[in-house]
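Right, I'll just put the structure down here and ask away after.
Every chain is named by a letter (A, B, C and D) in the order it is written, and numbering of its residues begins at 1.
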């Protein structure tokens, strides 16, 4: 028996996504049969005490404050980018040039120009590259994709998705960096709308044209450091869009941070000539499936608990009926990424997918600004 | 074309059930193709102004205060009994002796002795007789029965039902007649537990043995006429029972008036070797159906909206997706009853069924008193 | 005590809506305390045997084949219009000129020009006039309106509604008149989209601007009389729209006849600064309500079973927990209409509302044709 | 700052529970601020290749085939017992005698006699001891407990729980050890009924008396090693029970492996004078809560998504709306256990709780055998 190769990882970023990715690097080899050993070598962040604490907490061998040192480390095979969007491009291009395989958090970049450079760099360097749209690897979503591929929904008529949160409904919530365009690029658009654009592309295909509204409901907010003063909110609070896919299906997408009671809710419905599926992220272990081939008086949406060993990814976890949670989607992503790195093969969603996603986001923003349809 | 016969009805009682039955007599001919015209001739009650008002409101030709006059009226073909339980027996026996077809509200009687006399009288008089267990004719329940008959659930292992209400949770709620055993006979037992006993018998078959608890949580309540004084509650607030059916299936039944938030909730689940069904009265237009024959990774409870024209009774109402309500179950009952009267045929549930139901109730009460199993 | 006046009704049309309205005329006086007696005098339709049969079945005194005779009948106080859309205008104007109170099925007309004439005629004749958008009087919808009026949702950010059906998904379904624009005017747009436009206006207010797609998925269908030949479908199968209300809220509306498993489904969600509500027509006795004022760790959408006596319209029906069905919404509509006629007062939604609705529909169609935003 | 102590763990068993506990030992320090470092020192199992593989896969330093060696290892502070039930007693007593803190999988023992010895040994050795009833530490269950303690449900009337699975419905499923009483002790009773007994005791209190049925639906099954031959099933397939708690509340509990479509379903409802809660393990991140103090026309079960930082355990995981899965309950259990070991304090559920649970199970079995009530 040949020994497995070892892949060493450098993670850039240690906040929410850094925590989620660290967990996935730790857990993937414990549950999936990976073709390589994973070595959690370096975690990198600008604040030395914080990154050292993160290294200890999350299980990294060492901590680093300069991401360029990670690129220089010849022992590191994989760079995982979990920083804010404004640094994705520079880091990813450096990683590509250093010949590292790259996993980059979504959205790939702040705009199409950046995304194009990143995709080009990855292509030229011939490194395995992936954008971390983790929701593709929710078993219920992967099952929906499987159904569509096998024709179980028939010709698709409608795709509807909504990503709703409520964390900034309170007008006293301060002007954090996510609400400033110079830092965040956009608001709900890049942060959560990008996720449902990715699901739309994954499940249905490419968009042909879009028309959208963006809105900022609370236009001024207290400054973080001086709550008595207010500053201008320069990103969108909500995006609502209609559009057409190239295959003729209609699209209706919405993302909002102003839906009280919807904490992290993606609802998604697809209607086709042979059936429909419905998904709700707050019940992410379920897929509702209506099959027109059932006898007429026995038809009804089936409430599939996606925990069978024959369901995507579920054979590695627990027996039927034992549900998985949010962070498992990252474990699935990283398990597939590791396999791709070992095999030297492409793994979806690639930087090219991230670029296409960015083109949709840019079209949506342009449509909203110009109050007109935008063609992709 | 032969003219339809006309059936004239005398209704005894004008409260909640009187209202529901009146509506059904009015509506049945409007939606169902009945083999007879229905004439709403007489409504009867002890309080003259109240019954006159009810006659006008509900659409009866005339009002009457003495039910014996209804028996004497040779033009009346059908007697419909909606009075409190303590008069069911006397009225029904008189109606049988007068040769009337009889529809009687549940429970058939206060006890087995009464029920036996009623069943005997109806049998001897050879009149069509029916107990109004209206929930049998919820389309979703009739569909479940159809599934069981066709073997779609296979061999039945479990029957579970719970009838839960919350209208007397407040200890300040007064000592109404329903809480006094000399008037009501029993509490939750006769009032609502009898309904799920009927559904159990309809769907699964006869009970073999039962063991039960009854409980009165609030033992004293304010008197209706003098709220400062208290009187003793002499009926059960809740009944909980386990048992076996003759066919070997296990039973678990419960009725309670002490379940905050459950207004008029019957939940029912049946598990068999080939599948399961679940029903909830608060969503009475739905039946959840799990079919073990579906492919393993496409299995899930189907949420059947029981509004298709091919579903029991639904062809006469509205297009698919347009739901019906509580009182429609009485319309279905009366439509079937009218057909049976014209045909001179038996129609379930008969007085014999009411008697069998009463035997279960008596066994349950006996088991609770004696703290032991009771065999049927 | 003064005797109640009697209002005599003439109903034009006897199909699906004729059946639903007949039921409501029959039932309203049985459950609601109306200030008038209702006399179901004349039902009118072009096919004599069919309308005679309908008269007998639905409970009308006489049948008529020429609607003009209804206008001439001086004893008739109310004209109720349940015909296809292309005759609404002519009949309603004649009724107004004859001084009748008018209830007209939705959509009010085929286009704005017709609707304007109708609204003008009704105004000039000073007759009570109402469009039958029955869903306004679903108790859960009326409750949502009450909540909004009382500020329980705060400032509204989002209104989303979707009306989905599936009855023409099969491409073999024939080219019925509803799929021909010369007869039906439009497809999903006038038939079902108009309902959610009405709910939007009722709950949120007037639209400011809209942008929409319409689509016909199955472009040719078998002819009704010769299934081997095909004809062109000339109406929309689906409409999807985004827009803004005058008060700044965002709108997302969709209607489709191509959603397998959605039989007659309206889902609706409103998000405001103080809370959210969610409604689903297939569970029309429920309203989900999220209240931001609940303590943070006790928050959650409340599943309100809208059957309490304190809920709109429910005091007249059954005890809590006993649900009502589809046709009850017409009973509520007609009960309110009768009161308005007796009082000589306006009752929403008026013809003016119908006209405003039509203006939205026309803007939607124009936007879809021109591929641009349309301002109201 | 004082350095944290290190606690070394020896895990006995490496199958399903071994996998779940290994994960929890690995994850607990990554998410919770534990007062000790955790060293995953030894995993122990009888099959050398299998246990070595498990050590590598699950992250243990070394593998061991004789559990007595674990007791002899003075560096090991904690013994975690995940073996089949028939060895719990011997191992736990040895661990107590060796002065180890002990975590033992449920059920604590095969019978009361064994459980008594274990509880006594742990008490005499004064070691921290805990039974792994992981479902107590589902955040929604912990929240329900908090509500009850704070009086939010008032006086409790009803506790109902059902644990339903379907993995042996097929009569061709072989006679595995779990279906043989000499190995497993009992069937659904010890395996899953014990879980809901634990939840009942945790949430409501001690049982006073019980009456139960046990049933074996499929009495013979194919042998594992020779599928053509059949052997006798010697354990129960289902248990259904009624009973009373000492505080007067009524109990209804059921466990079955014969409920098609119910994969690993615990449903639980508690009704009290001030409100009700409902829980479903298949949606374990939710708790439904009905509060009688809400205004009457705004009442309804609240669907609490138990993912807020203020909810039990959830502050350590992800932002609101990001759900957790099955194995997290073990992480919570082990985090609390580690704290208790460091503090030398008792942590519920103790071996004493396990013993009390066993007494209930024995009473249930005795009641079923004797067909009579059994007092605790």
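Everything that follows uses one rule, which is that a residue touches a chain if its C-beta (ideal position, glycine included) is under 8 Å from a C-beta of that chain, and two chains touch if they have at least 3 such contacts.
Remember, it's a predicted structure, so these values are computed and weren't measured experimentally.
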Would you identify the chain whose Cα-based centre sits farthest away from the centre of chain A? B
Counting C-beta pairs in contact, does A-B beat A-C or the other way around? A-C
Which listed pair, C-D, B-D or B-C, shares over half of the residue-numbered contact pairs seen at A-D? B-C
Could you please state the distance in Å, as a whole number, between where the Cα atoms of chain B are centred and where those of chain C are centred? 35
Separation of chain A from chain C, taking each centre as the mean of its C-alpha atoms, in whole Å: 42
Using mean CA coordinates as chain centres, what's the gap between chain A and chain B in Å? 54
List, in ascending order, every residue of chain C touching at least 2 other chains. 262, 299-301, 305
In their shared complex, at which residues does chain A touch chain D? 16, 20, 22-23, 26-27, 30, 57-59, 165, 167, 262-265, 281-285, 305, 307, 318-328
Touching residues (chain side chain A, partner chain C) in the complex: 155, 157-158, 160, 162, 164, 169, 171, 211-213, 215, 217, 238, 240-244, 248, 250, 252, 254, 256, 258-262, 269, 271-276, 290, 292, 299-301, 371-373
Write out the stretch or stretches of chain C touching chain D in their complex. 143, 286-289, 291, 294, 296-305, 308, 310-311
